[in-house]
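Quick notes on the structure that follows.
Chains here go by letter, A, B, C, D, E and F, matching the order in which they are written, and residues are numbered from 1 within each.
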Amino acid sequence: MILVSRQEHFNAAHKLYNPGWSKEKNSAVFGPCANENWHGHNFNLIVTVCGDPDPETGFVVDLKKLSSLIRDKVIDAVDHKNLNVDVPFMQGKMASTENLAIEIWKILEPLIPEITSFGKLHSIKLYETPRNYVEYFGPAHHKA
Amino acid sequence: MILVSRQEHFNAAHKLYNPGWSKEKNSAVFGPCANENWHGHNFNLIVTVCGDPDPETGFVVDLKKLSSLIRDKVIDAVDHKNLNVDVPFMQGKMASTENLAIEIWKILEPLIPEITSFGKLHSIKLYETPRNYVEYFGPAHHKA
Amino acid sequence: MILVSRQEHFNAAHKLYNPGWSKEKNSAVFGPCANENWHGHNFNLIVTVCGDPDPETGFVVDLKKLSSLIRDKVIDAVDHKNLNVDVPFMQGKMASTENLAIEIWKILEPLIPEITSFGKLHSIKLYETPRNYVEYFGPAHHKA
Amino acid sequence: MILVSRQEHFNAAHKLYNPGWSKEKNSAVFGPCANENWHGHNFNLIVTVCGDPDPETGFVVDLKKLSSLIRDKVIDAVDHKNLNVDVPFMQGKMASTENLAIEIWKILEPLIPEITSFGKLHSIKLYETPRNYVEYFGPAHHKA
Amino acid sequence: MILVSRQEHFNAAHKLYNPGWSKEKNSAVFGPCANENWHGHNFNLIVTVCGDPDPETGFVVDLKKLSSLIRDKVIDAVDHKNLNVDVPFMQGKMASTENLAIEIWKILEPLIPEITSFGKLHSIKLYETPRNYVEYFGPAHHKA
Amino acid sequence: MILVSRQEHFNAAHKLYNPGWSKEKNSAVFGPCANENWHGHNFNLIVTVCGDPDPETGFVVDLKKLSSLIRDKVIDAVDHKNLNVDVPFMQGKMASTENLAIEIWKILEPLIPEITSFGKLHSIKLYETPRNYVEYFGPAHHKA
C-alpha cells in the first residue's frame, strides 16, 4: 500500500457563530472569529488516496483525474464563496475546519472508485492557515 | 543603507465591487471576486525600513518595536475583519490589494520615526495569496 | 476521530555534548554540533490533538486555547533560551530534538483535558531545521 | 517509539510512457507527461526512521549519517539524471513517483542497520511537485 | 507607482550543452547539468507589472487576465516540454535560466498593454529551484 | 543586466549585548535577545550577482562556483558557530543581522571576479527567521 496526495486551494469567507447562542456568548467563545461581518482564509486542501500501483501506469490514481475531481466536486462549491451562506453541504453546521474536512470526505469518498480501481480515499487534510490545520481519516478510523 | 523587513499576517474577508456599477457589470469585471456574500484570504504583510544601523545596537530598527507598531496600527484594524465593512481607512475605496497596501503605507510612514531615528519606511509588500501580491514604495517613487 | 494541529515556533541555542565522554569523543560523534560555544536553530513545533468535534462549537479543541497553552507551558520555557543551560526539563538529558519532543509531550499531555473535553494529545512534531525533524506519539505508541 | 526524518532533494527528467502501448494510447492516458522529449522535476525526498533514542546520544539515528547514506545510495543515482534512461533500478518500470518511492525503500531499508542499531526504516515520502506526492511504508504495511 | 505580481509554474526538462564545444569541455564546464540524457526542474515564474491603480477597479492589472496571458503565451509553450528541443523561442540559445527569463520578457512585454492601460511589464523572476533563481528588468535597465 | 541568486543556509548561536552597557540596560533594550546564555537561528543567506550572460554558457555566474565560494568563505566560518565568540570578522561588532550581512558583503564582493568576468556582487539578503530579514546593496548604494 502506498499513499498518493494532491493539493488544491481555495479562498473563502466564514464566521464561527452558533445560532442557538446569544451574540455575547458567541463573542465570548469564538472571539474575533465570531465577527458578524465575516473574515476569511486561503485554504489548502490535500486529498490522499491509498492503494497499490496499477502495473500498466505505475499509478494508484491519475493525479490529473484526482485534481479534476476535487475541483469539480469541492473547489467549485467553496472557492470565492461564503462557507456559512453559499455552500449547501455546510448548511446547519458550524463552519469549523473540522466540519468542512468531514463534509469534503463525504463528497469525495464515494467518487474515488470512478477515477481508479486501484485505490480508495485515505484522508482529507485541510489547512485554514499555515499554522492551523486538521486531518480526517473517515468514520471507520479510531485511534489505537 | 540597508533594508530591514518584518513579516506579519492577518485574515480578512472582502469583495471587489464597484458601487457605481450594476451587479452585472461587477460580475463581468470581477468574476467570483464580486460575490456579494464575500470571500477571504490569509494576508501576509511585509514592512521594510531602510537606513544605516545604529552603532550602539547594530539595528536600523528594533524589529520587536516594528512588530508592535504594525500590530497596533494595522493588524488590529484588519485581522478577522471585513475590509469593505469594518475598516475605516478602506471606506469609499475599492478593496483591492493595491489600495490596501497604499493605505497601510499612509498609516505607517509617519510613525516609523517614533520607533527609530536611524531609518524610514521603504516599502509595503502585501500577499493576498502565495501567488498574488503587490509592493508599494510610497508616493515619491517613480520608475526610472 | 479527527486530528487538529497548531504550529508555534521558538529560537534557541544548544549543543550536543555527552558529559560522560571526552571532548575528543564528543567531537568525533557529534561533529560541529558539539561546538562548546553553542549553535542554534529556529524550531517549529506542531502539537496535534485527536478527538471528535464538539457539536456546539464544531471544534475538537479551540486553537486559540491550544496556542495559549503551548506558549505558556512550552514556548516561554525555551524561546530565546539555551536548551542545555536554561531549560529545567532538559537538565541531565542530551539536547537532541528527539528528547526535546518527548519532554514537550510529557508537559502537554496532562494539560489538554484542561482546555477540551473532546480531545486528547495525539503527537508532537518538532522541526530543528526545515530538513531535520521528529514526530512523537507518546509512550503507549508502538509500531505495528 | 519516535520518528526521525531527513529531507534531501534532486532534479531529474522523466516521461510516463508504457512501451507496450501505442504512442496514441500513451498520449491519451498520460497527456503531456508522455512527451517523448521528456520533462522534469525538482524532487524532494523525506526518509523517516523509527525507534527509541540511544541514551548516550539522544539520537534514534545520526542525521548526518542518514543524510550521507541517502546521498551515496539514492541521490547520486538520480540527481541530474533521466529516470527512464540513466537509473538502473528503474529499468523496466514505469517512472511514476509511486514506483520511484518503492525502489528507494528497497535500497535504503537493508542499509539503515549499518548506521543505527536503535531504529529501522519507517517511510519514504517523495514530492514530485509541491502539490503531488506519495508516501510508502514498506511491503509489510497494510491499511487497518 | 505600485508593483503587482503573479506566480505561475511549469515543469520542464533541459540540459546545459554548448554545441560548439566538445563533449569533454561541456562536462568540464557544466558538470552534471550537461548530462546528454537531460534532467529537469519545477520552475516558478513570477511576472511583475508596475503602474498606478485604475480608480474604477483598484487594479493596476486584473490578475486573472495576467494569469491567463502568462499561461497562454508562456506556460503552454514550456510546461511538460524539453526546453532545448520543444520550445521554438529557445532554439539556438543556451537553455540557462538567465536566457529563459530574457525570452519570457520579450514575449510578454508587448502584450501587457492588451490587458491593462494602467501598467507595463516591470520584471520576470524565474526560480529553477528554490535555491537558484534570476530576475530580469528588461533591456533598458542598467545598474546605477 | 540580469540578477542571479543563490541561497545557502547555516545554523548559529548569538546574543545581542553591548559590552559598553550594564546588564540591566542590555536587558531593557534587547529583551530576551540579550540572554547571556545565548539563543540561535537557522539563517538563510541569498547572494545575488548582476551582469549580462556569457554568450558561451548563458550564465552571468556559474551557480555551482558561487555556491562553493559562499560555502568556503562564509558558511564554513559561521555554520554551527557562535557569532559573538567564534567568528573573527564579527569581533568587536554587535551581532545583529544587519552587521552580519554587511560583513558578508565585504568578504564576497572582492571575490566575485575570481569566479566570473560577466557579473559583480549586487546584494546580500539574510533571513534570521522567516519573518525577520535584511538586504544590503553595498556601501555605494543610497536610496534615490
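We adopt the following convention: contacts are C-beta pairs under 8 Å (C-beta built on N, C-alpha and C of every residue); 3 or more make two chains touch, one makes a residue touch a chain.
Since we're looking at a predicted model, the values are computed, not measured.
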Set of chains adjacent to subunit B and to subunit C: A, F
Labels of chains that are neighbours to subunit B and to subunit F: E
Longest centre-to-centre distance from subunit A, chain (CA-based): F
Euclidean distance of C-alpha centroids - subunit B vs subunit D, Å: 42
Subunit B and subunit E: spacing of chain centres that average the CA atoms, whole Å: 28
Where subunit E touches two or more other chains, by residue: 31, 130, 141
Contacting chain pairs - touch in the sense defined above: A-B, A-C, A-D, B-E, B-F, C-D, C-F, D-E, E-F
Of subunit C, residues touching subunit D in the complex: 16, 18, 20, 29-31, 93-99, 101-102, 130-137, 141-144
Complex contact set, residues of subunit E against subunit B: 1-8, 50, 53, 55-60, 62-64, 122, 141
Subunit E residues touching subunit D - in the complex, by the definition given at the top: 9, 11-14, 31-33, 35, 37-42, 79-82, 85-86, 129-130
